[in-house]
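Letters are used for the chains, namely A, B, C, D and E, taken in the order the chains are written, and counting of residues starts over at 1 for each.
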C-alpha cells in the first residue's frame, strides 16, 4: 500500500518538476502514439466501413482475421515487426529499429484490428436507411464513405479512444522495437516497466498515474466536443 | 413524349419471400404516375429498383434510352428517391437540404426554394435534426430531394405523416417541379384522394406483380 | 530538442543485461564516455540471451553480458570479436531471516543448496537461462523437477524473482548488484544468508559484433568503447560506483586482455 | 525472418506434441481469461447500459473515469492489484498473489473499462425509440436492461471480443500478479514474453501463433452464431 | 362514466422550442378520443406525456383517480402507446407480439388474437422483423399493444402506412378493443375521414396548446 501513496505524491512531483528527461519521455510517447493512431486510422476506418457496408470477395475472411488479431499479444507483434525491420530483415535498410517511427509502425499493427473490427461492427448495426439515403442524395465513392463515417462519429471516436488506449498502454512493441533507450525511445509505459523491474514501484506508479491523467484530460476534451455535437 | 425511364422484365426477390415482377414499365418525361397496391405488395421494393438502390435479379432498366447498368452511381442525383421512412442526417436541417447540392453555385437559392416548397419557413434551416416532429422530418427529407432538381423523382408515401394542408403543399411542390424542371414523378400513397388529384395515370401492384398503366387520357406513352 | 543531449555525431548501440542498467552504472559510464570521446552510447537492456540475439542479427554494435558459456558459443559462431573481461561481482544466496533450511551454517554454496533441497523450503528460480540461472543450475546436486513442489520457476527478471521469494518466504540466488538495489526498496525483506564461495563469481564481459558478418555495425566505435571501459579511467569509474555506500561491481580488466 | 518460419513450424509442432507443460499453459490461460471476462461482464454490461441509457448523479464522471482507464497500462494495474493483495496489503490474508484467481482479478480490472465504455457508447447511439418502445410494452428494471442488451447483441459480442483480446494478450498483470510460475501461473502470453526474453524468438512466435489460432477458432464460432442471428 | 386518465396543468418543453400546454384533459372509460392538429403542434409530445414516457415539467396526471408519479413503471402495460414511427424488436413477429405478454397463461391466445385483429395471417408470426413492409410493420407494432388488453391505448398515427382496407381493419380492432376490454383510446391521425368514423370526440392542438373536447354527444364526461 505504501507505494500507492508514494505514487500519487510522485506523480505530482514529477509533473511539477518539469524534469527534462520526463518531458522527453512525454514527447516520445506522444509522437509514437500519435503517429501510430494516424496510420491505423487512415487504413482502418475505410477498411472497417467497407467491411461493414459492402459485400466483396474474402470479406468474411478479412473480418475474421481482424477479429482474431484483436487478441494478438504485443510481444508477438513486436517480434513480427522486429523480424521485418531488423538489420537482417527485408526492410533492414530503412533503419527503423530503435526509432520512434519503428515503434509507431508496430503500434499501428496493434491498433489496426481494433479500428477495423469496431468500425465494421458499428457500420453493420448502423441504420439500414443511412447508406440508401446517402445514395439517393447522389453520394458515392469517397463522399459516401466520409458521410457514413460522419454519421457514426460517436462510434468512431469511441473506437479511436479504444485504439489509443491499447497503443498508449502497451509495452511489448515499444520494448522490442524501441528498446526503451533513454532520451530516444523511452515511452511512459516502457519507463513504468523499467522502474517496476528495478523495484521502484513508487516511481512506476507515479508515471502510470501521469499517463492516466493525460488520458483523462484528452477524454475530458473529447467529451466536451461530443456534448457540443449532441446525440 | 419521350420515355425518361423504362424497365423491362424486372424481377427481384428477397430470398424466400415475395417475388417482385415488372414486365414493362415506362415513365414518360414530365409524367406524374401513381403506384398503388396493398401493404406488402412490393411497391417500395419496385421503387428501390427503379431508383437504382437495389440491383434487379433479372431484366433491364433504361434511363433516357440507355441501360443504367454500371452507371448507377453517376445517375443517382438525376434519379432520386424519398424513402418510405425518411432518414435525416444527424446535422441541421440546412445541412440536410444542402447535402446533395453542396458543390453547386446556386446552392443557397436551391436550399431556400426547396424548404419553402415543402411549406416550412426559413427558420427551420437552423434546427438540428432531432428537433423535428414526424411530419416536419418528412418534409425536410423531401426538400433535400427537391433541391436536386431531379429528372426523376421517386416518392414512397411522401405525405404519410404530413398534415392535410401540408399534403396540398407537397402536391403543389410536385406539380411545380414538373413545370419548372420537367421532372418525372413516380409516387405511392395509401390516400387515393390525394393521389388522384395529382397523377396523370396509375400502375397497380398485387402480390408483387405490376399492372397498368391505367387512367391515362389517350395513349401518349411511347413504347 | 527538449532536453535531449545535443545530438551526437556518432552513436554506439549496445545490448546489455538488466543489472547493469537497473543499478544505474550505465548512466555514469555513458555520461563519462561521451565527455571523453563525444560518442553517444545508447543501450537496450534485456536478458543475456536476448542481448546476444540482437548481436547475432547485427542490430547492435556491442554487447555487455555475463554468461561465459553463451558468450563462448556466440564467439565460436563467429558473431562476436574482441571479447574482454570488464568486471565482476558475485552471487549470493538470500532468504528469509528465520532461515528454515539453516543455510547460514553451510560451508559451501553446494552445501547450502543441498540444505534447501533437503528441507523442502521454497526456492524461486529465474529459470530463464540467464547468467544467474546458469550459475544456479551448476549448484544443484540433482536438478529439481516438476515433482519438487517447493521449486518455483519464475521465468522473470532478478528483481521480480526476489520479490516473489520475499512473498513466498523462500530462497533464491541473486547477483549482489540487484540485491543491493532490492534492499533499498525492501529493507526488511530477504537477507543474505550465504556468500563468498569462489563458485559464486559473476563475470561481465564486453564483445564487439563481428563487422565481417554485418557491414552496418560501427566496429571502430565498439572497439573504442571496449578499450575505454578496460582502460584505467573506465575501470576506476566502475570501482567507484556505489549504491548506499556499497561497491557493486569489481573491475578486473587489467591484464585480462582479449579472451 | 528466419524465426518467423521457425515460429510457424514451431506452432505446428507444439500443438501436435501435446506436451503436458503446453497443455497446462493453455489451461491456465483459459481459466484466467474466462474468469476475468466473466467478472468484467457481470459488472461492466449493466454499468455500461446504465451509463448509456439513464441519467443519474456522477454519470459523466463515471464515464470519464472509465474512458480514461481504457489507457491504463497493464503494469500499473498489476502494481495496483499487487499492492492490495500482497502479503503486506489489505487483502493479503486472501492469499491471492501468484494464483490464477489473483491474475483474473487484475485482468478483470483491465477489461472492465473496455466493457463499460464500449457498451455505454453503443447504448448511446442505439435507436432512441428502443427504450421507449420497451417501456410501452411494460418492460422495466432488469427486463428492460436485458432487452436493451439483447437488442444490441452484436455490439455486446464485439465488446466482449475486444475485452477478451485485451485480456488474453496482456502480459503486465499476469507477470506481476501471477509471476509466470511454471506449472502454476504461466499463461501463453507470459510464456511468449519469457521465451522472447531468453532470445528464443522462434518459440515465442510459435506460442503467439497458437494463441492467435485459438482466437481465430473462437471468432469463427462466434461469426457462425452471428450468421444465424442475421443483422 | 368514470375518468380513466386525467391531466391537469400539464406543461412540457424541449429546451428552447415549442412548449406543450394542456390545462385539462379527461379520458373517460371506454371513450375513443381523437387528437388533431397540424405538423409540429405537439401531438406526439402530449401523447408521450400521457403514456408516462416523458415526465411533465408541470402539472399532474391521474390514472383511475390517483397520481401516477412514482408508479409509472407499474402502470405501463395498462397504459400503452404505439409510437408514430414504430420500432420492432430485432426478433420474429411472434416474439414481438409475445414480448409484453410473455408471462401470461393465455399468452398464445392473445398473440393469435392480436395478429388477426390487425388483419395479418398467422403465417406472419414466423417472419423475422426485417421481412416486413412499412405497413406490415406498423400493424405488427399495433398487435403487440393489443395483446396487452390495455386499459388505455394511445395511438400516434396508427394507419399512416397502412393501406385502405387495413385502415378499416385497424378501426374495427380499436372498436372491438373497447367492446371487449373496455379500453379507452386516444388517437391521432392526419386522415380526418378515418378518424371521424371512429371517435366519440376530439381534442385539437395548435402551437402546443390543447383545446377541446369537441363533438361530444352531450356532456357525459365527468370532471
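Things to note:
Following the convention adopted for this analysis, a contact is a pair of C-beta atoms (placed from the backbone, for glycine too) under 8 Å apart; a residue touches a chain by one contact, two chains touch by 3 or more.
Bear in mind the structure is a predicted one, so any value in this text is a computation, not a measurement.
Common neighbours of subunit C and subunit E under the contact rule above are D. Note on connectivity: the fewest steps through touching chains from subunit B to subunit D is 2.
Averaging C-alpha coordinates per chain and comparing to subunit A, the farthest chain turns out to be E.
If you average the CA atoms of subunit A and of subunit B, the two centres end up 45 Å from each other. If each chain is reduced to the centroid of its CA atoms, subunit C and subunit D end up 36 Å from each other. Separating the CA-averaged centres of subunit A and subunit D is a span of 17 Å.
With touch defined as above, residues shared between interfaces to two or more other chains in subunit A number as follows: 88, 127, 201, 231. Multi-chain contact residues of subunit B, defined as those touching 2 or more other chains: 85.
The multi-chain contact residues of subunit C, meaning those touching 2 or more other chains, are 157, 160.
Every pair of chains that touch is listed here: A-B, A-C, A-D, B-E, C-D, D-E. Within the complex, the subunit B residues that touch subunit E are 14, 17, 37-41, 43-44, 84-85, 131-136, 139, 157, 159-167, 190-192. Across the interface of their complex, subunit B is touched by residues 127, 129-130, 132-133, 135-141, 147, 151, 230-231 of subunit A. Residues 20-21, 23-24, 27, 86-88, 97-98, 179-184, 194, 197-201 of subunit A touch subunit C in their complex. Of all residues in subunit E, only 48, 51-53, 73-74, 76-77, 80-83, 85-87, 89-90, 99-100, 128, 130, 144-145, 148 touch subunit D in the complex they form.
The touching residues of subunit C, counted against subunit A in their complex, run 2-5, 13, 18, 21-22, 27, 42-45, 57-59, 157, 159-160, 162-163, 181-182, 184-186, 214, 216.
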